[in-house]
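Pasting the structures here.
Here subunit A shows up in two complexes: once beside subunit B, once beside subunit C.
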Partner chain A sequence: MRSEKEKSRGSSLSDMLKSWEFTIFALLIAVFILNLILSPDLFRIANLFDATLTFTEKSILTLPMTLLIISGVIDISIASISAMSGVILGVCYKAGMAIGYAVVIGLAVGLAAGILNGLIITRLKIPSIVVTLAMMLFYRGIGYVLLGDTAVRDLPERFGLLGGAYSVTSIPIQFMIFIILAVIFGLVLHRTRFGRLIYIVGNNENTARYSGIPVDNIRLILCGVTGLIAGLSGVLLTSRIGSARPDIALGNEMAVITICLLGGVYIFGGKGSIIGVVIAALMIGYVRYGLSILNVQEQVIRIFTGGLLIIALLIPTIAARLKTSARYPEGGV
Partner chain B sequence: MKKWVALIVCIMMLAGVSLAFGAAKPKEGAEEAKGEGPFTLAWVPKGLGHPYFISCYEGAQEAAKEFGDKIFEVGPDDWSVEGQITVIESVIDQKVDAIGIAANDMDALAPVCKKAMDAGIPVVAWDAAVNQSARVTFVNQASFEGIGRGLARAMGEVIGYEGEIAVLSATPQAPNQRKWLAWVKKELEDPKYNNVTLVDVVYGDDMTEKSYDKALGLIKAYPDLKGILGLSAVATPAACAAVTDKDLIGDVKVVGFGIPSTMKDYVLEGTCQKFLLWNTIDLGYVAATIMHKCCTGEFTGEVGDTVKLGRPTLGEPDGVYEVTVGEDGDPYVLLGPPMEFDKSNIEKWAAIF
Partner chain C sequence: MNNERYRGTLKNLIRRREFGIFIIIIVVMVLVGLRNPTFFTSDNWKDMLMYVSILAFISIGQMMTIVTGGIDLSVGSVVALSGMSVGIIMRDNPALPPLVLILLGTIFGLGCGIINGLLIGKGKVHPLITTLATMSIYRGLVVVVSRSRWVVYGDITKGFRLIARGNILGINNLMFVAIIIAGASYYFLNHTRKGREIFAYGDHQDAAKFVGINSTRINILVYALSGMLAGFGGVLWVSRVHTAQANTALGYEMQTIASCVIGGVSIFGGVGSVFGVLLGTLLFGIILNALELIGIVDFWKLSVQGFVILVAVIFDAVLSHRVAEQMRKQRRVFDAE
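Right after this comes the complex of A and B.
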């Protein structure tokens, strides 16, 4: 998408407005400026990094989700996978396993759940939203069966560092993980052959199949990766709250998909970029942070988030109307 | 490529701007002497919109008004642990002077409350504790003993210390249910209850329908049953509904836990003679007073430490509270005996919560 745009860059206003990254980046700057005006002495560097603690678990999930949606598949069971991974980590630890191994098991559970999703989607040819809707209930249920209404408490202190501590600078470890993952996912999507194949698969599944591209395998890999990252997200969240419980990450799947869409990922596949999604993740995070600093109630914050998504969706659509030659690619699944 | 470079430059510029803004207005560290106030108090209930917590906040506002402090309520709308953590993170960044919290989970909220304490913000738990390590003190609404004995006493009174009674509980695993039941039984050992027999304990899982069915079962199984004791705010109205539907008002008496607004009709009809709950307004009042005294340094949370309130409460007519060692071995402040509701005061309180 970007390469097409670059040819005509700057030629017209509608072209510039149509660039998601531009829109979203402008919004991010607007958010920062508004925040600076509204609470100047609170919006400081240390606080800015601190604030990432409350949205990093969601942000890292937007990365694999971006690739997945671009390939024409969606996974709405991610939040349940996170919860299940956290719970199984806790159960393993309670059973006497070293915390390091318990973390590995938690990640492996996420990977396995993602692969299971992928197998059902690709082998049985059932629409991904249906499959993962069912799996969302299934994985969440496992968490509740294992722990019921209770929680695994007194996880070791050093495990808590993973989710809550800071690295050498004042940057939280979690946020470092997010940045590193963002670079990796960005390089894979935008600089490798595999990344190009993801776009082709999402743009037109049938064409991709006739061209001999292993569509199902690509989607299976992406499902597995998404599951793995969902597991990581669950481990980080469990670490941050210091106890394993089945009711964590409720509603995270919608938050993650919202960020992806806001970041310019086309819901029917074939379009989107990591940089757009990263900007969107930061923007949503700081909008929420800025509003909560002002003690705006959560219900109102939701209205803001929904409103932002609608605005971000409208701008390019209107721009496209202005320019009649604009064409959208075909959708995938 | 150009785009990326431009982006990075922009981000750095932003960082620079916010750094400059931050440095321009340094705020005093919270751990420094806070003086006489007025202070900013953050009031964090388990969630927003519940009548129980609304009435707690009323009491807290009353205390804040007395001291001229600024108090604001902020909580998660989904009643979740994560939501509450986010809220605490944001009030820490706002550098409030004290935090009062009804924790959604004792352990899960501990790390972030500890962070607040490290930043010099005293954390006072009320209604539901956070771990001892992450709080200055905990204002406990009622001890298990006070509740258990109080319920048994109320039951004895309404049935005239004679006849068969049964208990309708929530679940056999829930620790508070277990402890309350144990204290009910202990109170029944007293000689004055010699003619009272506890014939059965049944569990309705805190679900209205199931509790209702269990209450019907009790009525059927024990024709001479004189009273049903509801151990939760769900069990008591369910027992009342069963008694009403079987036309046994007055024959089978109901006491237990309840929320005034849901119990009002049963009390006025005469199904439920008496029910217990702590005074939620006092709970908020005591907690917010302690939050203020933490800021001035008058209150440290040590065992034996006392706090003098601006007005008497139901539990302490002289308005003086002392930190004692709780049933779990940690120091806390006990609100006092639970409040009894009956025909004489139900109308007034049902309008409040």
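Right after this comes the complex of A and C.
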């Protein structure tokens, strides 16, 4: 833990060069340059920001997911929560509710789903991965039960602005939300007592319990926040594509976890930083953007992200082998 | 002494559970039969059992991974990849005998499984995340391999169709195969050294290491077996439904997991039985079939599956916490004596 702190505050150049954040930042620059070679148009600031529209919904989800994984829990039902929130928003609007209230309901649904996950995980002491695996089907199914294979299309234009419009200058509102959330999550994780507790809980659950830290409540709060942001992600996505459908955000959970791990979050908890994850989110976003400019099929892009996830997972093992013979702890998440 | 008693209670629990599933199966059958008499027609049973047969032996592979404390989310994609590859090979070489195709599909599956096993065993990566990644990689490969052209009814040769439709000793091939695989797995898991090592490893990984069980080999073995069975299942799947598409067996991994947890395989590892999984698969198959017969369409399927998994997992967790509590009390009594 201490070494992590020293690293982020360290002033010597060699420390910086060694840090994972720096490596990933260098990768981001490389991706930028490649993208520029592929499509010189990207060089215009407006296009640079436009490109973010395609991945902001995923990026905002990486923030709470980072905190959650650091605390030793994982939630793979997030994409389903997003879809469910979007669908319920659509259904509420169709039933005659004002769009503002429908958005609030959509967010509340996300929060409720997250809290339900958290309650089952912490109160019944079942591994989070198994609970959220079941919930992934359950929440996704609710979307299908409500809408079947139809979609709510006639959402008001005003609502579409949320996902597609620009705020001051040419920065999309979505991207602004991402930046603001990133700052908030970064401050909470790195500058508050609560943030320190998250690391302790993830580092050694038992020690934390014996020290009187409310492990279960911290995880419950994080699950709730993750659900809420998943709801927000669903609302933004629904707004951007202009219709509420049950089959949106498929596979987003994998994309989000990939970004977190690439950003230096340790899958078994206790390690990670917001800045690393933000850089990784931008990097993956622009990689996908570049691939889609090249007209690469969506399925092939998914092969690519799957491969990246495996590489990200292998990094700690390989690093450990290279560094020392020190073994990484094995065990469940 | 203590340990023996523990084992005894555990065995009892598993047996009681299998009996419980059996009762539930009968109750569900009666209820569905009352609601819709077509449930009891032999055509319906044949269709359902053919579906359940493939699910059963892939679930047995899944069970081995769950018993080690892992999970294999890639089985659905492996079914699709093996089915699609074999379908394409058949389309290009209609003269190939079906047995060669079965062998090829099984080898494809084995390859996918070995990749999973190497990543998990040698790379020391978490099984769920690994197979989440390979699930999407293998699924993507289905599209790449097919070049977006599906294998359709007309491409399926007559001999290939017979794999699923034919009979051995008066029993449908698929059921026959499922029974053979179940029997072989039972023997392997309960009466061979490697089989017992799988359970020992899942029960307590550190203890297993101390008695000299090689964790890398165990991991490679179970994921290879799971992949192999999924690859074999993929060939039978295409022979049964006469098509191979990009979304063949999408979400199938969840059905295998549901069958396992219903059948009493503990997600904490170390506990599970082939017979339990067979019963779990049958119950799950009947539930799916019932949903269709009662007229509840596809849209409910996902939620019901998720709900069933959740209930089974919660039941399992509460039960195992209670057993642990009981053990602790017993131990206290022993210590006092």
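By definition in this document, the second predicted complex is superposed on the first by the 275 of 333 C-alpha atoms of A that agree within 3 Å, B and C clash if a C-alpha of one lies under 4 Å from a C-alpha of the other, contacts with A are read in each partner's own complex, and residues count from 1 in each chain.
The criterion applied here is as follows: contacts are C-beta pairs under 8 Å (C-beta built on N, C-alpha and C of every residue); 3 or more make two chains touch, one makes a residue touch a chain.
Computed from a predicted structure; not experimentally measured.
K.L.:
Please indicate which partner A:Gly251 is in contact with in the superposed arrangement: first for subunit B, second for subunit C, both, or neither.
P.N.:
A:Gly251 contacts both subunit B and subunit C.
K.L.:
Could you tell me if A:Arg140 is touching subunit B, subunit C, both of them or neither one (first, second, both, neither)?
P.N.:
It touches subunit C, and subunit B stays clear.
K.L.:
Of the two partner chains, subunit B (first) and subunit C (second), which one does A:Gln299 touch, if any: first, second, both, or neither?
P.N.:
In the superposition, A:Gln299 contacts both subunit B and subunit C.
K.L.:
Between subunit B (first) and subunit C (second), which does A:Gly96 come into contact with in this model arrangement: first, second, both, or neither?
P.N.:
Touch partners of A:Gly96: none, neither subunit B nor subunit C.
K.L.:
Can A:Gly160 be said to touch subunit B (first), subunit C (second), both, or neither?
P.N.:
The first partner, subunit B, only.
K.L.:
Once the structures are superposed on A, label A:Ile120 by its partner contacts, choosing first (subunit B), second (subunit C), both or neither.
P.N.:
Only subunit C is touched by A:Ile120; subunit B is not.
K.L.:
Examine A:Gly212 and indicate which partner it touches, taking first as subunit B and second as subunit C; both and neither are also allowed.
P.N.:
neither
K.L.:
For A:Phe25, using the defined touch cut-off, is the partner it touches subunit B, subunit C, both, or neither? Pick first, second, both or neither.
P.N.:
first
K.L.:
Hey, what residues of subunit A end up touching subunit B and subunit C alike?
P.N.:
Residues common to the subunit A contacts of subunit C and of subunit B are 251, 297, 299, listed in rising order.
K.L.:
If we count contacts the way the header does, which residues on subunit A are in touch with subunit C in the complex?
P.N.:
Touch residues, subunit A against subunit C: 76, 120, 124-127, 129-131, 133-142, 144-145, 148-149, 251, 253-254, 257-258, 261, 267-268, 297, 299-300, 302-303, 305-307, 309-310, 313-314, 317, 328, 330-333.
K.L.:
Tell me, which parts of subunit B touch subunit A in their complex?
P.N.:
3-4, 7, 10, 14-15, 17-19, 21-22, 24-27, 48, 72, 74, 76-78, 80-83, 85-87, 89-90, 93-95, 105-111, 115
K.L.:
Which of the residues in subunit A end up touching subunit B in this complex?
P.N.:
21, 25, 29, 32, 36, 40-48, 50-51, 53-54, 151, 153-154, 160, 164, 237, 240-243, 245, 247-251, 275, 288-289, 292-293, 295, 297-299
K.L.:
Using the touch definition from the top, list the residues of subunit C that touch subunit A in their complex.
P.N.:
The touching residues are 69, 71, 119, 123-126, 128-130, 132-137, 139-144, 205, 246, 251, 254, 257, 267-268, 297-307, 309-310, 313-314, 317-318, 321.
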